[in-house]
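The two complexes that follow have chain A in common; it is paired with chain B in the first and with chain C in the second.
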Partner chain A sequence: MTKIWIKTLAAIILIGLLIAFPKVMGVLNTNIFIGFAIMALFAVSLNLMLGYTGLLSFGHAMFFGLGAYTTALSLKHIDNLPISMALLLGVLGAVVCAVIVSPLLVRLSGTAFSMLTLAFGQLMYIVCLKFREVTGGADGLGGFPVPDLKIPFTGGIDMTDPVNFYYFAITVLGGCILLIWRFTKTPIGSVMISIRDNDNRVDYLGFHVPSVKSLVFIVSGGFAGAAGAIYALFQNMVSTDGVLGLFTSFNPIIMTIIGGVSSFTGPIIGAGLLTILEEFLLRYTDRIALFNGLVLILMIKFAPGGIMGIWDGVYRKWFKRRTLS
Partner chain B sequence: MNILETKDLLFDYSGHKVLNGVNLEIREGERHAVIGPNGAGKTTLFNVITGSYKPSSGSIKFQGREISGMKPYQLNRMGVGRSFQITSTFAKQTVFQNARMGILSKQKVRFNPFSKVDKMHKITNETNLLLEQSNLAESADMPAGLLSYGKNRALEICLALSTDPQLVMLDEPTAGISKDETKTLVELIRKLTENKTMVIIEHDMDVVFSLADRITVLHHGEVLACDAPEVIKNDPFVKQAYLGTLEV
Partner chain C sequence: MDATTAMYVGQIMHGLAYGMLLFLVASGLTLIFGMMGILNLAHASFFMLSAYFCVSVIHMGGNFWLALLAAPIITAVIGVMVERFLLRGIHASGHIGELILTVGVMMVIMEAVQVFWGTDSHMISVPSALAGMVNIFGLQYPLYRLFVIFLALAILGLLVLFLFKTKMGMIIRAGVSDAEMVEALGINMPLVFMMVFAAGTWLAGVAGVAISPLLSVFPGMADQMGMDAFVVVVVGGFGSLLGAFVSALFFGLLNSFGIQFLPRIAPVLMFVFMVLVLSFKPKGLFGERE
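So, the complex of A and B:
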């Protein structure tokens, strides 16, 4: 009973903080926070594959990018498209892409899987770069209209207002993260973890491993697409280097490893940490990647379990709980 | 009636015939042991039957149906369960979560992305029951990787039986554990495989002769003999090839 109370209280405090954030911290920090939340969802969706199923994807940007491009293109070309539809189209774009590539990927694991995802990610990058008539090539696609959010019985809410957009983005991103969390608690979630631990045994227990992997792939891709769609609305600009480049694929991996691969909250913490680090470093230098790399190396060397791994160690010491992670 | 039949089963591993025409008949409900010196092809025989490898030629029939070349998950769904010589569990997950994987499969909840698995009371109850039967209830919350070796072997058998297969294939279940633990494990195997057909690979002759209804002796990928334990004990060829040094 007390556990439920603590959980409810924590949730209320968290929601309260999120509501108060733009009022207290100002517009600049609010925008930084949206950027963090987008990366958090992106990293959490990646972690469904990396942490839960044990599949390292170097091409996760293709879903993020497809989500962003689909949303941007649909807003540019379809008049009076509601913002929610644009968002859904973005997710759909990423899901369709995942459905198409998953049969080629799910029978692989380890290095072969990583290399093939890298190839697909780069393929998507090149296609968008060269398909200039539609995607705008390296210049990208900008200035598309961001429509008002229409809620029945009230007028439209202006989405170009940063605070309004903050509430919209946080609701969508937070909702997505909750949905992913729920997904990990289902029987498929258990099967995912078991595939990571011992896929041979899963096979011998009567589960069809490739179809579970492809479901994970599609769900993971769809949520990465949602993150990309919000990114497109937020920046009002998508470009190949911004949403499909190699660094877009590597960033969530770095975040996940720094935060902790074997936990759900790890990627969120990693995304938060890197965002704060970036904002701090930007005052002094442009060489953000250099410092990110340094943090990554130190983390892998001294705390391979990430921040959450360190926390687990402390927790175990305090409460003498026997865990193995 | 035979639940499992292999005919002229051949498995060629880059020119080396690991299985060289194995004919095996497993009767429904019997406890059948496969023995033979190291390298005789026992584990390969298991791997070919349960779908790890495709046989080079020959046929395997399970309940009258041709199964050679089928995948492990298909065979499991048809009712073939197996354990591994080298313990193959989910080491980072708790014993309960290990066993629950089998129950999820047994109850055909293999592809459910909606319900909360912790709230599926039928699954939870059945998992607890299975753990109790396997004498693992006390260790339910412990990560499998922290179990003692003997308990780990018990979990291995528990996993093999968790999907309630008709045919259970155990690959050296007692390998590497102490005499006392072996006794408990044999009792466990006897209890859990009641009303099932069991094929067991075993090196411990005490276990073999106390469990098995019939014994097949494998040597250089061929069946040397297949008969009741008393007959096998006194078979001069078998003695020479395998039992001779053991003075049974």
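So, the complex of A and C:
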């Protein structure tokens, strides 16, 4: 009983903090926080594959980028499109792409999977770079209208206002993260983890491993698309290097590794730490990737479980009540 | 020779020169992958690193030939350190960790060259002995590109001799097909791994120095080579030297004719080709293992 109370209290405090954030921290930090939240959702969606299913994707930017481009393009070309529809179209774009490529991917695992995702990611990048009539190429696509959020019985809410956009973005991103959390608790979530641990045995148990992988891939891609769509609305600008480049795929991997692959909250913590590190380093140097790379190497080498892995170890050693002595 | 034929011959020669350099990079990548099961995403970074060492050697008063000798060796030493101190410890814990580690190494090298050598591009002049043009069947062709082709061919010859005629080469070929079994036969595999890694980075290093007079040395020089070498290895088949050779020449030619005739489609075609091969023949065209 007390546990539920603690959880409810923690949730209320968290929501309260999120609501108070823009009032207390100012517009600049609010925007940094939105950036963090976008990356957190992106990393959590990646971790659905990396941590839960044991599949390392080097092409996750493909979905992020498709979400961003679909949202941007639909806002540019369709007049009076509601913001929610633009968002849904972004997710739909990513999901359609995941559905198309998943049959080719799901029979692979390990290095071959990583390589094929890398190939697809690069293919998408090159296509968007070269067909600049549609995508704007390397210059990107900017200045598309960001419509007001229409809620029945009230007037539209101006989404170009950073604070209003913050509430909208946090609601969508937080909602998506909660949905992913629910997804990991479904029976499919358990099957995912068993595929990571021993896919042969899952096969013998009668599950069709490729279709489960395919489902995970599509869900993961869809949520990455949602993150990309919010990114497009937030930046009001999408460019190939910004949303489809190789480093867009690497960043959530780095965040997940830093935070911890084996836990749900790991990628969120990793995204937070990396955002703080980046903001801190930007005052002194432009060479952020150097530090990211070093942190990545050190983490893989000395703490493959990430921050959450370290925490688990400490917790087990010092705080857990020992039942057998 | 009329202008059209000359253009075609010129493009073929350009394609061959790029293809041979691509092969040097890809052969290291494919050997490392075949032996250790590691797809070394940092491989092209070693290629770039060597080009920067070449810049430094020339700045310190050395000539191009000294750079061609020294830079790849320094690169190989760094490669060995990466293998010994970073990759070896986590070899047992699976490929995902290794893949991500090579991403980290790639990022560090990419940024480190900008810290040490700056973001500007450095021009390397062609050594005076190779500066001229040469007449091939009436076509004026830069001697240096011809030299690149022959250098790569010579290294290919040595590589083939080494792999197929020496005991060490035999061990490496056996290791490519089953490293565990070879280790069980009492061969010090970690040492062999280290040597293969050294050889692979050395090959990438030679390509890096050889390409620098053609391309100049700049922080993004590894991007295209990295992706191209990656595609070559995937299409040719992992661990297959012959496959790497054939597909490197193919993509070298595709690259040079693509720029001429299909500037927008050619890079797309390359990845489409790779996706098709991986989807329907995951072992690659010449490969024996996945």
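Throughout what follows, the second predicted complex is superposed on the first by the 318 of 325 C-alpha atoms of A that agree within 3 Å, B and C clash if a C-alpha of one lies under 4 Å from a C-alpha of the other, contacts with A are read in each partner's own complex, and residues count from 1 in each chain.
Keep this in mind: a residue touches a chain if its C-beta (ideal position, glycine included) is under 8 Å from a C-beta of that chain, and two chains touch if they have at least 3 such contacts.
Please read these numbers as outputs of a predicted model, since none were measured by experiment.
Trainee: May I ask you to decide whether A:Ile34 touches chain B, chain C, both, or neither, giving the answer as first, second, both or neither?
Mentor: Touch partners of A:Ile34: none, neither chain B nor chain C.
Trainee: Touching A:Gly54, do we find chain B (first), chain C (second), both, or neither?
Mentor: second
Trainee: Which of the two partners, first being chain B and second being chain C, lies in contact with A:Leu215: first, second, both, or neither?
Mentor: The first partner, chain B, only.
Trainee: With the two complexes superposed on chain A, say which partner A:Met192 touches: chain B (first), chain C (second), both, or neither.
Mentor: neither
Trainee: Quick check for you: in the superposed arrangement, does A:Met115 touch first (chain B), second (chain C), both or neither?
Mentor: Once the two structures are laid over each other on A, A:Met115 reaches chain C alone.
Trainee: After lining up the shared chain so the two structures overlap, which partner does A:Lys301 touch, if you call chain B first and chain C second: first, second, both or neither?
Mentor: After superposing on A, A:Lys301 lies in contact with chain C but is clear of chain B.
Trainee: Jot down the residues of chain A that show up as touching in both complexes, chain B in one and chain C in the other.
Mentor: In chain A, no position sits in both the chain B and chain C interfaces.
Trainee: Over in the complex, which chain A residues touch chain C? Could you list them?
Mentor: My answer: residues 50, 54, 56, 58, 104, 108, 110-112, 114-116, 118-120, 122-123, 126-127, 130-131, 250, 253-254, 257, 287, 289-290, 292-294, 296-297, 300-301, 304.
Trainee: Where on chain B does chain A make contact in their complex?
Mentor: 50, 71-73, 76-77, 81-82, 84, 88-93, 97, 100-102, 104-106, 109-118, 120, 142-143, 145-146, 159, 162-163
Trainee: In the complex formed with chain B, which residues of chain A make contact?
Mentor: Against chain B, the touching part of chain A is residues 182-183, 185-191, 193-194, 197-198, 200-209, 211-212, 215, 219, 322-325.
Trainee: In their complex, what parts of chain C are in touch with chain A?
Mentor: Per the stated touch rule, the residues are 37, 39, 86, 89-90, 93, 95-97, 99-101, 103-108, 110-112, 114-115, 227, 230-231, 234, 264-265, 267-268, 271-272, 274-275, 278-279, 282, 290.
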